[in-house]
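One chain, subunit A, appears in both complexes that follow, with subunit B as partner in the first and subunit C in the second.
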Partner chain A sequence: MSRPQAVTRRSAKSEYIETDTGNKISRRARIEGKQNIMLAGKSVVMAGAILRGDLHRKIDRPAEGEKGGPITAINIGRASVISTDCTIRPPMRMSRGLMTFYPMRIGDNVFIGSGTHVSALSISSHVHIGANCVLSAFCIIKESCKILPDTVVPPHMVIPPGSVVGGRPARVVGEVGEGWGQGGGGEGEEYVEGGDLRALVRSIK
Partner chain B sequence: MASRPAPAPKRPSQLPASKPPCTIHPSAIIADKAQITGSHTVEIGENAVIHPWARIRAEGGKVVIGKNSMVYEGATVGTVDGEDVLIGDSVNIETGAVVEARSVGDGSTVEVNAVVGKGAVLGKWCRVAPLECVEAGEQLEDFTVVYGDGRRRVDKTTKEHAEIRELKRAGQEKAVQAMRTLIPNAMAKWAG
Partner chain C sequence: MAATFPYTHYACPCSNLTTPAPTSISAKRASLIPVDAPEDSTFNPHDPRANYSLSPLDRLLFCDECEEIRCQRCYGEEIIHCPTCLFEVPSSGVRSDGNRRSSSGEEVEETYILQCHYCDWSSLDIGVHFSKPTKITEQLAKQRKSRVSSRSPAAGAQPLSHDETFANLATFYKEQLSESGDPQNPYSNSPYSSPNNLARIMSLYGGLSVNALKKTREKPQPMREARGAKEGMLMCSFEDKAANDALLQSMQTLDWANTTTTGQRLSAPANNDARLVDALWPVATRLRTRKCRRCRFCPQYLSYPDPKLKVGNLRYKIRVLALNHIPRLSIRSLQTSCPLPNPAFCLHAADLQQRQPDIQPHITRQYILTIRNPILEPIRITLATPTTTPGRVASRVTILCPSFTVGPAGDVWDEALSSSTTSMATIAPGNGGRQAAMESLTGRGADESLDRQPEAGKVWERTKNSTSVVLEIVPGALKSLPGIVPKSETELEEEELEEGDDVLEVPIYVRAEWEVSEEHDDAGDRKGGKRIVEADGNVKKELAFWCVLGVGRIGEGG
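Up next, the complex of A and B:
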């Protein structure tokens, strides 16, 4: 008797694993500590991206009642896109005599270009980060910013909302206009920086 | 070994490359997903931490990693066709950095995505800023900082104040302690 064929698969294994909240995670993404990573929904993690959820704050009190559950190391909002070969690593610093990692928060509709290293403390919503940038530890990026490619943001820098930032070390080189982010988001339309990324997420297969 | 099927080309991180002869100090932490390849010896010192997806290529020559040093994810240490690479104590090789230097002095930091060419010699307490390049064969004196667009300067603060060096060294030890609690050790996989 010939062995029945393996369950008929669709043509090839798809690149992305899709969760029930609509997140698309590439099979080639490198995720450590996935139980400490929260993806809000409809976000994309592309191939080669490294997410260090294993670097989190350690709490000493085990059964105090308050924080018994998992600690989130990385919080990513809705419709955010993490492109290929990025590294997302929570920042670390000395606090009360011990080196601790701080939880990192990434907002909604954030586009992180390929090859970028992100160690920021928080990135607010509607931010567009170019390719090959370096966001060093504890920098804070406020809403609606645009970070040009190849920028190096030094540690602890706070980038005010609505700025265009570039260079090494990063300097504010301009402001995004008032129409930043408008005009995109519809089906089949061109992707607009800072705009609604849901259409982009939907088109990624 | 004869019955093992050919490794699937699509998953490079699981390619069974040749495991080099390693001398690993028992207190070193090597993540499970770290990649150590090559045929020359790899020596990993006391309390060193090798993060997941760090790559140590001992193909061109041996690789020595000093104590309390950390090689972060995505970093590549070692040459394919060059010489040995000696990393000193308390050295941080950050994410994505490519280090093919002949030696990196104690206390130095090679930051994110920097490239240090073959045969370069970095002094002690040097710092290579993110995305910077140190050319092949270049020699950096102690306390040199390589920053923005290829400029070099001397880090006077660290040079003149010994207590800053002490603090940095203590800070590095604390960082290594923190990593020890967070990264499960898969040293047995690589131990010689």
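Up next, the complex of A and C:
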């Protein structure tokens, strides 16, 4: 007697895996070293995004009594959105003949546009990064910045808070308005650049 | 003009275009004929001066003393504190690099260089290296001085360096100012307030005659300019032919990229004469400052960043944003059922290529204009717009419901609690019972939104703190129809489209009125006693401004 076929519970697999903390990770995202990547909550990693968590600092053998804690290669904050086809790779440097990687920290409410290459050392909160940008190794982006599309930020550049940056090489071309990041909430404009991106995260399906 | 449609720009009342100058002032300045500021002037967004008074909402602050919008020109800036240097790296893209050790490992001679990671320039190209990684500006200045001084005795009589020239010129001008003098100066100490007085008194009591006085008084020399290198004049001479020839020669052999731009030459006085890129000297990056903004008219702080915290955290002690005080407008087409995705948040690469379709002329289109109210009282809004848009291309605009009320904004908790119920509230009451229940489950019923027709005098949609009305717009044509009589030259010239003429922008005058109970009226208290208190203890408040809605681009055709 044949068993009746199991009824499929879902007709199609959804695009995003949703975790308990509300992160949405696309099934088509290419993630290496997922145990070294921390997503704080309600963040989105879209299709085609490459996250290299396998490139991390090699810990030396811990001595007696020292704990060898988990190494996070990439730390992403709350409500951040990594759009399609981005590459997030921790910055690396050759020192004393060894290639060492440094942990990368991305803040809250950061929007990274599609196709950008991110090797920055740290990106602070409320930053809006346009599409097709290149943030080279060890650059530091401070709060509330706006990076225009197609910008190339050279290595080791520090972008001061509240600046609008564009060009190749990136130059500070202006300052963000006073109301940067405010104005979300209510109908119509649910999210603005630099503002709370939770509504955007909710709308990504 | 924003690159993406639709947009809303708000006009600050500071310019003549939005607020005609008060008549008393214009009467005094008889020479100042107000050309385009009659009593009820319409704001023309295509006016070349209009750009200077329009700003998007995130650039506007609000002065709650004057109860007016303040744009970037109206808030004077004061620098709270400087420097706020980014202590990690003092200059962008260039950093100290490099320890060079001798291979034997015995002697460690550490030298440092500047290196750009983008274009691979390094200070070795100009032969500069540093002994320690700190105080780079000092080391640079020292090396520059030694380089300049070593160059000058080699070449003979050389013009003075820039710094010396500047110092000479500054002392020269100071001397000139004191010599040519203030007329007040000789008499500030004496009890006689003017030379005429002094002369009169002197002649009364005898003493030197007026003529003698005039002669002995030194004639103030008119202020003159510098006349020589000692006084600070820098002469360019064509005599130094050899150097000029060498320069021209190198300009011919090297390419355009090797000559300096004006921006590069102006970056530092040391670079003012550099014509070729290899003569440029590194310049330290400027330090950044944190600015606090004050209203220009009343000295009220509008934005005051906290100076105590480190640079990293942008916190404000006071920040009064326009978007929390003025009704906010936004426009979208009636045909699209949901708001268009914000183009700044392009999630997929394919979306980037999409260009918004042009609007066809002569076809009536309907738009929904949404007004959002950020303040805690319900407001009454009156809208006004000219029948045809000003500018080269005239489109007809009709507001179907120009006068309506918008509810108050609640607290954050109210919004959160009611967000689940807003979907029910926005649906027009159905037949009740089952249909309404079904609609609330499935969202807005599809049939209903198609059947609704915009009616004159009725609002389209009303939610807790926003109201939407319908605008009908008939875009005008870019080119006028060919007529029977051939046009003259001037007419043809006038008809040429300039850049930005094909953008459909609708100017709207928004007037908001609301009432505040007397005890909550802080601004009125501060102004003191001028407000009119109604019978029931409320103070009437009013705010009016021009606003420009960018709808789209008009295409050819029709």
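Worth pointing out:
Quick note on the criterion: the second predicted complex is superposed on the first by the 183 of 205 C-alpha atoms of A that agree within 3 Å, B and C clash if a C-alpha of one lies under 4 Å from a C-alpha of the other, contacts with A are read in each partner's own complex, and residues count from 1 in each chain.
Definition applied: a contact is a pair of C-beta atoms (placed from the backbone, for glycine too) under 8 Å apart; a residue touches a chain by one contact, two chains touch by 3 or more.
What you are looking at is a predicted structure, and each value in this text was computed from that prediction instead of being measured.
When both complexes are overlaid on subunit A, subunit B and subunit C end up sitting side by side without clashing.
Across the overlaid pair of complexes, the angle with its corner at the CA centre of subunit A and arms to subunit B and subunit C is 110°, in steps of 10.
Contacts of A:136 after superposition on the shared chain: both subunit B and subunit C are touched. In the superposed model, A:156 lies in contact with subunit C only, and not with subunit B. In the superposition on chain A, contact of A:117 is made with subunit B only, not with subunit C.
In the superposition on chain A, A:42 makes contact with neither subunit B nor subunit C.
Shared-chain residue A:58: touches subunit B; no touch with subunit C. Look at A:178: by the touch rule set out above, it reaches subunit C but stays clear of subunit B. Once chain A of one complex is fitted onto chain A of the other, the partner contacts of A:169 extend to both subunit B and subunit C. Between subunit B and subunit C, C touches the greater number of residues of subunit A. Looking at the shared chain after the overlay, A:83 reaches subunit C, while subunit B stays out of its contact range. Between subunit B and subunit C the least C-alpha distance in the superposed model amounts to 7 Å. Common to the subunit B and subunit C contact sets on subunit A are residues 115, 136, 152, 169.
Contact residues of subunit C toward subunit A in the complex are 56-61, 84, 86, 88-89, 92-93, 95, 116-119, 288, 293, 303, 311-314, 319, 321-324, 328, 330, 332, 339, 342, 344-349, 352, 370, 372, 409, 415, 422, 463, 465-466. Only residues 46, 81, 83-85, 111, 113-115, 124, 128, 130-131, 136, 140, 142-144, 149, 152, 154-162, 169, 171-172, 176-180, 182-183, 185-189, 191-193, 200, 204 of subunit A touch subunit C when the two sit together in their complex. Contact residues of subunit B toward subunit A in the complex are 11, 13, 33, 52-53, 72-74, 95-96, 111-113, 129-131, 147-149, 171, 174-175, 177-179, 181-183. By the touch criterion stated above, subunit A contacts subunit B in their complex at residues 28, 30, 32, 50, 52, 54-56, 58, 87, 89, 92, 94, 97-101, 115, 117, 132, 134, 136, 150, 152, 167-169.
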